[in-house]
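Letters A, B, C, D, E, F, G, H, I and J mark the chains as written, and numbering starts fresh at 1 in each.
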Amino acid sequence: MLFHVTMDVRIPHDADPAKIDRLKAEEKARAQDLQRQGIWRHLWRVAGRYSNVSVFDVADAQTLHDLLSTLPLFPYMDVQVTALCRHPSSIHEDDR
Amino acid sequence: MLFHVTMDVRIPHDADPAKIDRLKAEEKARAQDLQRQGIWRHLWRVAGRYSNVSVFDVADAQTLHDLLSTLPLFPYMDVQVTALCRHPSSIHEDDR
Amino acid sequence: MLFHVTMDVRIPHDADPAKIDRLKAEEKARAQDLQRQGIWRHLWRVAGRYSNVSVFDVADAQTLHDLLSTLPLFPYMDVQVTALCRHPSSIHEDDR
Amino acid sequence: MLFHVTMDVRIPHDADPAKIDRLKAEEKARAQDLQRQGIWRHLWRVAGRYSNVSVFDVADAQTLHDLLSTLPLFPYMDVQVTALCRHPSSIHEDDR
Amino acid sequence: MLFHVTMDVRIPHDADPAKIDRLKAEEKARAQDLQRQGIWRHLWRVAGRYSNVSVFDVADAQTLHDLLSTLPLFPYMDVQVTALCRHPSSIHEDDR
Amino acid sequence: MLFHVTMDVRIPHDADPAKIDRLKAEEKARAQDLQRQGIWRHLWRVAGRYSNVSVFDVADAQTLHDLLSTLPLFPYMDVQVTALCRHPSSIHEDDR
Amino acid sequence: MLFHVTMDVRIPHDADPAKIDRLKAEEKARAQDLQRQGIWRHLWRVAGRYSNVSVFDVADAQTLHDLLSTLPLFPYMDVQVTALCRHPSSIHEDDR
Amino acid sequence: MLFHVTMDVRIPHDADPAKIDRLKAEEKARAQDLQRQGIWRHLWRVAGRYSNVSVFDVADAQTLHDLLSTLPLFPYMDVQVTALCRHPSSIHEDDR
Amino acid sequence: MLFHVTMDVRIPHDADPAKIDRLKAEEKARAQDLQRQGIWRHLWRVAGRYSNVSVFDVADAQTLHDLLSTLPLFPYMDVQVTALCRHPSSIHEDDR
Amino acid sequence: MLFHVTMDVRIPHDADPAKIDRLKAEEKARAQDLQRQGIWRHLWRVAGRYSNVSVFDVADAQTLHDLLSTLPLFPYMDVQVTALCRHPSSIHEDDR
């Protein structure tokens, strides 16, 4: 199943820089690992904002939640999830 | 360049059914043609709504506008455009 | 998979009453059929509004969309879909 | 009476971790106790967010308020309450 | 139980004036009848708008919905319902 | 004159508990005093939220402002004021 | 008492032009009459919109409502009312 | 003075096509004339929407209003006006 | 030129009281000085909120900005500016 | 390509003044440098707010993002980006 996910990241100005840098590094490693597994199928940066638009390819919502809620930067994110499905005009059987 | 585009379609209840069916058929043909050209790169249906989430791969905003504004159902759409770019954590050089 | 769905119904004041009554009857029959199948798991009325809160138990978002988009009153609905999953504090293995 | 309740939890980044962990444990115990009593009838996690959708089965709004306002994490919650009633198309006499 | 209800009335400009006048008269009669029964406990006009703020004293949400949804002007209303309960600082046992 | 007032109270998580408890006690005393004077005519709790809906019976807006702005918890409140007047369908000459 | 009132006028595109012109003329006459009486104290046009910002000097909200709700263009207006009072930094005893 | 103006155009689906085409032609002529006069200083199309972002260079708000409110398509526009002034970091004395 | 300005003041609960009192005193002095000059033409308190509605009579937007942005409490304000002009129904040549 | 960018700057009240002053100076230097390069084509102040409206002339969204996200004050900004293109009524071939 595909889920469209937007993540707006807001790091409080008085957060511990060292901690945040560590979390960012962990976040990047996790994101790249999930992309290699084909789970985090698309990851784009929204131009001009500390936000991304992503598409996840997972079995179901539980898998998605377990994945998102354990992202290192999750506590600093405002996440919006939209369930996607095949568009009748799509030429792809399975628009990955 | 990649643009993230959402299209919410609202057909007035008193619109001429025949006209709308014709426009829908034209819309599908156009969408499939643009997909085959690799321009309309992704086209997903938002589950539960007459809406889609799309990603367009175009030279620039002018190309995007000329394309969207001439879609048969454009007059019945509320369109939101977001410019995308490569995410620093993306493992893809060019996340198409 | 469980989906939380809200449906706000807005019937235009100049819609054909006979047509709307027919659609309402069809909608009721369909809703009751889907409930008997255990698909439309919960259907509650929002007090004071022509709106409902529902929970659907379906295989995936595609099934949900095919079901919702073919409801007789779908053209008159504003639908919001939220993907649900098991809450870590739930005592139910599967909170249907 | 059934009440639909959404709870968005926002833990300030500089809150005392030990205190929050304690509150979370108390919250889980309370939630499970109320579920066993059949009061907290449904508790679902919103996929991707630190939010839940719940349905409470209580005598009236006062009971609901006394219950919600004494939840350990209440000070960190944005709560929305919607009064529900039986939908005319529901096949259940009492859609618990 | 007390419910706080706001009703914003929007009469389409091309509605049949005679029909609307009839509905308004029926609405007034119903409202006054319910007030005499002590059900429609408070009915205030929002200064400057075709809106009212009301407080209903009913057994439960089902009663409230059956009452509101059968108001003659209901199809032209945007209704918001808020469940009320006793405020700990109220000097009234039962602030009707 | 009647004013409909909603007060959403948000106490910062790092506020001094002793100070807040003191302010809450003062707030309760003031609210009860104003109720006894018939000024704070109605005070209801919004079920599930640290919010109230109130109706004030005052000479004019200046009186209302002087009263609200000197409430002990005013600095922690988001207040919305709506001027009310008699509804043409009200059976009460003066719906207090 | 002073009330700050904004009026956004939206004339439906298919409204009868003659009727609307008549209503506009009546509206202008009424507005000018009320200004001469010192009731409609300020009437400004919002640059770029078919909207105005006004300040009314009336005895109370009832007077304001009776006046606004009988304006010829009232059915085509979205009105927002804000009760004003003297600002502690105003050098005017009575900032008309 | 510079004013930033956005114009969202919404043509009702049942408007008379001939009338709208005429208005569009008049609108284009007026816009080009005002651009030649240096009044309509910038006119950009928002990619994907029937909207524009413009910057007007006028003596004052009255001039701006008289100009905008007499645009042929004004009745079909939702206009937002923002007053601009020189930014302290601008290298232009007068950023036209 | 007239500008309609609303100022919502939000003082952080952990701001230094002495500093804030000093700023408030400076703010009052500046506001009264500008009123005496006829620049800050109207200054009203929004009943029930730490907000004001003001009308400024200035040469242009630059003057307005220089004035507002140097108000002592500006860093704690959410400011909305609306450019005003003469209403065609105003009986005043220059509705100051 | 032209991008319309709004930047609302919110400096936390408890931020280190010296650090903020340094960032502001760096921001001004960067902005002026980019203006001289013709990249930051327009930079206007929104009257009354710590906000600007800008137009950037860049190759694509990636360039825009790299530029905006490295502005010294970026962490304190809420940025909205809108892709622009040539308006069919523009008399300029390339409305810079």
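Note that in this section contacts are C-beta pairs under 8 Å (C-beta built on N, C-alpha and C of every residue); 3 or more make two chains touch, one makes a residue touch a chain.
Per UniProt, the chains are A, B, C, D, E, F, G, H, I, J = Muconolactone Delta-isomerase.
Computed from a prediction, not measured in an experiment: that's the story for all the values here.
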| item | value |
| --- | --- |
| Steps needed, at minimum, to go from subunit B to subunit E via contacts | 2 |
| More contacts between chains, H-J or I-J | H-J |
| Option in C-D, I-J or H-J whose residue-number contact pairs overlap F-I by over half | I-J |
| Geometric centre distance via CA averages, subunit G-subunit C, whole Å | 43 |
| Chain centre separation (subunit C, subunit F; CA means) in Å | 39 |
| Length of the line joining the C-alpha centres of subunit D and subunit E, rounded to whole Å | 28 |
| Junction residues of subunit G - those touching two or more other chains | 2-3, 14, 45-48, 61-62, 64-65, 81-86 |
| Contact footprint of subunit A on subunit B as seen in their complex | 2, 4, 27-28, 31-32, 35-36, 42-48, 52-53, 55, 82-92, 95 |
| Subunit I to subunit F touching residues, read off their complex | 11, 13-14, 45-50 |
| Interface residues, subunit I side, partner subunit J - complex | 3, 5, 12, 14-15, 61-62, 64-65, 68-69, 75-76, 79-81 |
| Subunit A partner contacts - residues on subunit C that touch it in the complex | 1-3, 60-62, 64-65, 81-86 |
